[in-house]
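Two complexes come next, and they have one chain in common, chain A, joined by chain B in the first and chain C in the second.
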Partner chain A sequence: MDNFISKKIKGFNYKNYIVYISFGLVLLFFSITLFNKGFLSPENLMNILRQTAMISVMAVGMTFTISAAEIDLSIGSIVALSALVAALVLRSAGIILAVLAGLSVGAVTGLLNGIIVSKVRIPSFLVTLGTSSIISGLARKITNLEAVPIIDKRFNFIFGSGDIGPISTLFLWTLVIMIVGDLVYRKTPFGRAVLATGGNKSAARFSGIRTDAVKVAVMTISAVCAAFAGILYAGRLHGARYTLGEADVMTVIAAVVIGGTSFTGGRGTVVGSIIGSIIMGMLNNGLLLMGLSVSDQMIARGIIIILAVSLSLREAKND
Partner chain B sequence: MNKKIFSVIALMVIVVLLISACGSGGQNSNSSQTQNAQSTSQTKDDMSRFDEEIAKGPNGETPTRSSEINLTEEDYAKLREGKHKAALIWAGSGEWYNALTEGAKEEFEKMGVKIVAVSDAQFDPAKQATDIETALALNPDIILSLPVDPVSGTRAYQPAVDKGVTIVFADNGVNNYRAGKEYVSIVTGDHFGMGRAAAELMNEAIGGKGEIAFIYHDADYFVTNNRDGAFKRAIQKKYPDIKIVAEAGFTQENATGEVASTILTQHPEIKGIYVAWDVAAEPVVAELRAAGRNDVKVVTHDLGANNDLDMARGGNVCGKVADMPVEIGRTMAKLAGYKLLGKEAPPFVVCSLIKVTRDNLEEAWKKSLNKELPEDILKALGKK
Partner chain C sequence: MAGMVKIDFEENNTGIYALEAIDIHKAFFKNEVLKGVTVKVKKGEVLGLVGSNGAGKSTLMKIINGVYKADSGIIKINGEKVYYKDVQGARASGIAMVYQEFSLVPTMTVAQNLFLAEEPKKGLFIDDSTCIKKAQEAFKDFNVEIDPRTYVEDLSIGNQQIVEIVKALIRKPAVLILDEPTASLTQKEINRLFDFIKRLKQQGIAIIFVSHHLREITDICDRVVVLRDGRVSLDDYVKNVEIQQIIQAMIGRKVTTYEYIPPKTNITRKQPILEVRGLKWRDKINDVSFSVYPGDIVGIAGLLGSGRTEILKNIYGLYRPEKGEIIVNGQILKINGPWDGIKHGLFLVPENRRKEGIIAGQSIRHNILLPVWRRLKKRLFIDDGKGKKIATDLSQKLNIKMVDTEQYVEVLSGGNQQKVVFAKSLVTGPKVLLLDDPTVGIDVEAKNEIANLIRNIADEGNGVLLVSSEMEEMARLADRVLVLRQGKIIRELSRCKGDIITEETLTEAIQL
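Entry: the complex of A and B
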């Protein structure tokens, strides 16, 4: 028996669990420092999960992109355009059409990003920087910078404002996207093709993987996830505005990298990215509850992100 | 590994302890901001004076009401002969800036002035400097501008000053520039009046007593600092039964949701929340809805379709104070006309404000933005 346990302990590879260790550390730290300030109250914990839902959904898509050694900087602008398109379509059509219209903003942009990256052979960093500007411009143009309110109660309930028992629908959507994303990532040939493409493109191609198709697919997945996040923002805020998602790109990338996905591709986890996103949410929430000023919050958040990322990247290097 | 983990924990603890030590003053940072606004305003204890007090210009200029700025038909005729060109160099974009442009356009049409460029600096001082240089290539006679940054503005506007362009500012001035020399005048909303009116709305909304939260713009920005400061002072001076129990600042308008939820966690008893402006209030309203807190009233500044729909439906948003961007735009154009005609222009001009509740939403949109109320909101008001 003792032998069995010691074997288990020896076999335990902590490197796979770095993100959980970071998560535990941040949770422990805030639980101690904020024990009488409501950090651990169920409402506050649900707040964190709800507020991070949009980042989490985008992080799932970004995990695929970064695992394939690409990046998608256009997600912030897709959030805004998808939310606006869904809100506008909702004025004259039903929920299903509105959601499809919103998602198609992501699908079209993602396909475009992917095709330019794989066929014209421009780095995704530059392609998505360009499309990001185009999409932002469109989002500003279609409503002449005005907000579009949403009065459809069912839409608002399903996509952001509703609760089923004590559980926010936003959290349920995060769970659904996480489970689907995780299954596709770990259990399908496509998931393995993504990792192979990111790990070593030439080797992947020689082993029969159509790396160009994989690239188009990952860019589309990340853009569709962003479009869905836009729909969730619209449901949460009961309306859309061209400024939605503006500041989200860096948070999403940080969440994915803290979650253990290698920035150079070939390695990652979907669940880790969600945990990374929740760590970012806990930081925002905890630093606010501590009563820090915005400047102090920014400094603390920056330092903790660097520490968390360096931990996960250093362990990755040692693999 | 153990060493690494240990060193990371140790680092985290040290960092956060250090920051909480220097951050203990964090929530008080607003008091220094209020003090700033106070010193600019030289607040008098006398209540009636307090009620009438108008913010002075950034350089202590005495304010003039915009109703005193007028051009005659002869003035317009004379201006039309000049066939002047104008560039509008704004700091941001949105409904408010659209209205500003519209007001200026309306007045420039009467003057026969052609608008050759409209730019949005996206609140980036460097982009604004570039925008000015680019616009100058079109040789405008007039620049109407809302400066992003008074400090770097000194350099950014210099090429226009050197060319002798007539410059009229909105809201902010530029450091080391003098009215009547480098620029004509600054036109702005009545920010102290807006803060006081917001306090009145809060008082009405929560029935004259109770605890409230104060979510302010945590940045050195003339307009928002004045409005936030005036709200806070008005609550403290005029409504002794209303107590501000939570204060928190923000710099990114989409970060206020998290701020609101932490306030609700720590002060569930609050009856109202003041938020610095409309777009920043949207995530706050979303959090209140999520928490099922229909009883918490929100008061903020500026009009915007999303929150106005909430107001029309009797939701959390129950009062707003709006300035008159259309009027600010018109007045700026008129003051440019003053300069071109050689008339003496007052250095600091203040436009009026409107207190907005569910009852006068339609009128407010017309007056402030020169726009019809969006259809969804009219429906929610039962007017369609």
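Entry: the complex of A and C
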């Protein structure tokens, strides 16, 4: 019996559950330290979910990219350009057109990233670093650094500012994207092709998978998700500005990796990435409530991200 | 470089041996690999070392080179006993080995490579001009025209090989070991290499030349040592032996345990299931044409670098043929990639299981079902129940030893991993299986099972194209064998036309 238990304990690999353990630890830590400051109040919790919605949406897309052993560093710039384009189109056209215009910013950039990665065979981090600069430049240029306000109330309600009962529309969007993303990731041939490509590109190719097409697809997915996050930002802030999404890349990648997706590809979960992004949200919120200055928050966040990511790296145990 | 020692090359020369490895024994657990091997090389002598896979060649080389430690036996260099426990020690004692895989850094210059990690310095910094001067001197010593300032990646493969050897020679070793040095060279480059080896000989360096190419052994070597099952089965001067004798020594007169597995029914060779016409690809495949019929197992026999793997890859769509047609079931195919090949009933089992076969970190089921996820779609999503059943059934049919199909594939033994790769090919229901060394590196039992499996696949009316580096395996399975040399089919052996296909006849056919 003793033996049985010790075997169970030995067989238990905490790394498989690290995202839930981290989630519990962060929640516990802030619940205790910020007990008097209302960290656990329903309003604050919904507020955290609201703040993390954009990160979550991008994390879903990035889960596909990282699972295929690629990375997308251009998502931050796409957020800004997509929000600006949607806001500009909204001045003279309807919501649907505005949203489509915003999303197409992502689609075009993503396709471009993907084609360069798979055809010219430049590593994705370099390609997206380049496109990131181009898109950021465009975002600054089209409005001459000015913000574009959105006065369309319906747009703002649907994409971020509205609540249905106590539930924020942002949370509903997160839920929708998560469910769709999870089903595609786990239940479709495409999801399996992504995992195979990330796990062993040659073996996938020998088995008949069009690995080049998979790469184009994952780059497009993460870019379109980023464009949608841009639209959510615009709805939440009632306007767009070129600075939107600037600091999000690191947060998104950290969320995905803490969520259990292997940085070398081939393994991951969409739900884990969402939990990862909520952890990041709790950190932001908790550190703010603790009264840390912006500079101290940055330092603390950086340290915590490195700690959490190093705990969740599965690869480390094999070497 | 090594001083110009005058050496008498006569047979009765009692001159000192540069290297003596005496009565070497080595076992890995209970598997005795070397059972008392003695090999001696004189200064200025080229010793050819041959033997089929598993004869103990590479273990012996690794012991001489300090990678492994012998269980018993003595190693002498220049007549003196030496002890070393690692590669550095062997190197310090005067052993230099040039491996098959090049160890040069392609993005650095020749001079930088020659002195890597031992750069001559001037104060704190590397003295580049001395590097280049020393390199030039070394090349001049060996009468080689290579500019030390060239980047290695800009050199031909033949010159890279020579730089590799010069790098080994810079330490003035007593013995130089060349492991299959010609494997990736063209005939012209081989000739240059041989000229180079002859010059080294004149300088009194002892050379051990490991090769599968018996012609090369008889061309360049003074003596030949054949290993078989961990023992020396032949040790004589090349001028005294015929290639036939070397082959005989390699194979031995052992009772062959591998009998030909004949097809269950007679093969009617009327309508080919796969036809290849006038295939050309770079300088590796030259005007290759052949047919495979339902029920047929056709072997492609050739040495490493003969183009055997490339033929399979061209058929499968991994490479784009420059010329020629691939016809499956009477239909000329336009294949853009493996996905097209698979659609038309082809499937390739690759030679490199780890790199091209399995996806580590994923389950047995995920690996087996990899090519058919699309076919398992029910409306929008994959029908996992059906997939699980297919994977389980196939694993049982192939007798894969596992707990269940959800285990990670990398926990299985090599043979069972290979069965997973086979299961993956069968799941597509292939009409023509392309097998590239399908049993390399797996145990005898699994080999037997896979051989029977291959025959069963053929008996179901499919075609099999088999590439193998093991002639035993080919003799056991192939109904016909295409003999390939430098990208050309030079001969066809066919059992139904009365040709005898055995390990011996095949070994001879690919050598001569």
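Definition applied: the second predicted complex is superposed on the first by the 297 of 319 C-alpha atoms of A that agree within 3 Å, B and C clash if a C-alpha of one lies under 4 Å from a C-alpha of the other, contacts with A are read in each partner's own complex, and residues count from 1 in each chain.
Keep this in mind: a residue touches a chain if its C-beta (ideal position, glycine included) is under 8 Å from a C-beta of that chain, and two chains touch if they have at least 3 such contacts.
Note that this is a predicted model, so its numbers are computed, not measured.
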| item | value |
| --- | --- |
| Combined model on chain A: chain C and chain B, fit or clash | fit |
| Touching partner for A:149 - first (chain B), second (chain C), both, neither | first |
| Partner chain(s) touched by A:195 [first = chain B, second = chain C, both, neither] | second |
| Chain A residues touched by each partner, larger count belonging to chain B or chain C | B |
| Contacts of A:50 with chain B and chain C, given as first, second, both or neither | first |
| Touched partner set for A:307, first chain B, second chain C, both or neither | first |
| Touching partner for A:204 - first (chain B), second (chain C), both, neither | second |
| Chain B versus chain C as contact partner of A:29, first or second or both or neither | first |
| Overlay on shared chain A, then closest C-alpha pair between chain B and chain C (Å) | 20 |
| Chain B and chain C contact sites that coincide on chain A, given as residue numbers | none |
| Chain A-facing residues of chain C, complex | 318, 337-339, 341-343, 348, 350, 355-362, 366, 369-371, 373-374, 376-377, 380-382, 384, 424, 428 |
| Chain C-touching residues of chain A, taken from the complex the two chains share | 183, 187-189, 192-193, 195-196, 199-200, 202-210, 262, 266-267 |
| For the chain A and chain B complex, residues of the former touching the latter | 14, 21, 25-26, 29, 33, 37-38, 41, 43-44, 47, 50-51, 91, 140, 144-149, 151, 160-161, 163, 168, 236-239, 241, 243-244, 246-247, 284-285, 288-296, 299-300, 303-304, 307, 311, 314 |
| Chain B to chain A touching residues, read off their complex | 1, 4-5, 8-9, 11-13, 15-16, 19-20, 22-27, 29, 93-95, 97-98, 218, 248-255, 257-259, 261-262, 265-266, 279, 282-283, 285-287, 289-291, 304-306, 308-310, 374, 376-377, 379-380 |
